[in-house]
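Order as written gives the chain letters A, B, C and D; numbering starts at 1 within each chain.
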Amino acid sequence: MWAIPEGYIPGWSNGPQPEFLSHETVCILNASDLDAHVEITVFFSDREPAGPYRVTVDARRTLHLRFNDLKDPEPIPLATDYASVIESDVPVVVQHTRLDSRQAENALLSTIAWSEP
Amino acid sequence: MWAIPEGYIPGWSNGPQPEFLSHETVCILNASDLDAHVEITVFFSDREPAGPYRVTVDARRTLHLRFNDLKDPEPIPLATDYASVIESDVPVVVQHTRLDSRQAENALLSTIAWSEP
Amino acid sequence: MWAIPEGYIPGWSNGPQPEFLSHETVCILNASDLDAHVEITVFFSDREPAGPYRVTVDARRTLHLRFNDLKDPEPIPLATDYASVIESDVPVVVQHTRLDSRQAENALLSTIAWSEP
Amino acid sequence: MWAIPEGYIPGWSNGPQPEFLSHETVCILNASDLDAHVEITVFFSDREPAGPYRVTVDARRTLHLRFNDLKDPEPIPLATDYASVIESDVPVVVQHTRLDSRQAENALLSTIAWSEP
């Protein structure tokens, strides 16, 4: 179980897209020899959680998934605080990155997600 | 017990507020089914700690709390080094983020807080 | 075993080089008294992994290795999502940093890599 | 024992000082009731380590120490790759932050240091 308490997709962007579209990414590495079936649950400050969003990360592959692209069961609202929990049936490693391009120059943040020991 | 050794609220800001107000945020995820009663203690370089500041994070919710907004028992001074310890009666996960908008373009940093094993 | 799920070398740069060449760096610290023989495997979203790339970090030394400089067995493609796993025969510590200079002002991200407990 | 594989003090700065002097900071939190006697050892890519640098972090205090300010036994060279190991006689927590102001707009990175389990 991985957790990312910080989530926020900026409400607007500057610069050529898709490179400079403001986005939040969850990067999942599956270095194992089995496909990983991953479930993402999204938590908010003022309503019940959304999801689970289901994705498969094939064996020996990485998936850099933009929260902006999650549509089923519902899109993630922009300019809204959220958090996420990532669960997988095979061991994976999870990193969180944001590109914020609301201003002329982009800003970046990244951290390895927290994993339950 | 979670710890964030780095704390610093920049003394000024650029850009439209509240989005681009320079701020430090502690993001707390409570993915459990119980409300979390959280206590934040703030440490300084040259005086005794402040707090505890008390907040509740409801079950299955996330709280993105700006240190700028802490007022009771006392506000956090700007442009001052500090650190923080976050304790909760149910398991939570904590991430630390700063938006620094002192210059024309914002800068971001983020890291999962340190958790006592 | 260390893992970095996020990898992306921006496709272009601004500013004087080599300081402001967009790059991804893996920083390896070998604080031990034995040379560390390190193997890096690079994972992609849509093909089998590349590598291993082999480097030696001498005893009591740090190596800040740019992914841009990895050439054998093959260079890392630009503007492509990847991830990496770092293995060593003596204990090392690994940190991941990116300088993104695609725009006029540079952006930075950094995180300690994930280590298998 | 805490480790920070990434270290680099940019060789120049922009903007008013001391706020916007390019710097690297090690933030040490001593939440205990005993003074912490801390030793910092600095590792390089091509020479033997420097140090130990000795600092005291008083009980219930935080110290945000700029590597730029370390002078004894020797200053840290600018624009040079390094890494650091932080040891303390009482439990502390360590975070690493860089402000890079070589260009007109500053960039920030931060991560909790790696702690030996």
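In this text, a contact is a pair of C-beta atoms (placed from the backbone, for glycine too) under 8 Å apart; a residue touches a chain by one contact, two chains touch by 3 or more.
This one's a predicted model, so the numbers in the text were calculated from it and none came from an experiment.
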Same or different residue numbers at the chain A/chain C copy interface, by half rule: different
Between chain A and its twin chain B, rotation from the CA superposition, multiple of 5 degrees: 90
Chain whose average C-alpha position is farthest from chain B's own: C
Inter-chain centre distance, chain A versus chain C - centres from mean C-alpha coordinates, in Å: 22
Between chain A and chain D, centroid-to-centroid distance (C-alpha), Å: 31
Sites on chain C at which at least two other chains make contact: 104-105, 107-112, 117
Contact footprint of chain B on chain D as seen in their complex: 15, 19-20, 25, 27-29, 31, 60-64, 93-95, 97, 104-112, 115, 117
Chain A contact footprint on chain C (complex, rising order): 3-8, 41, 43-46, 48-49, 81-83, 85, 96, 98, 100, 102-105, 107-114, 117
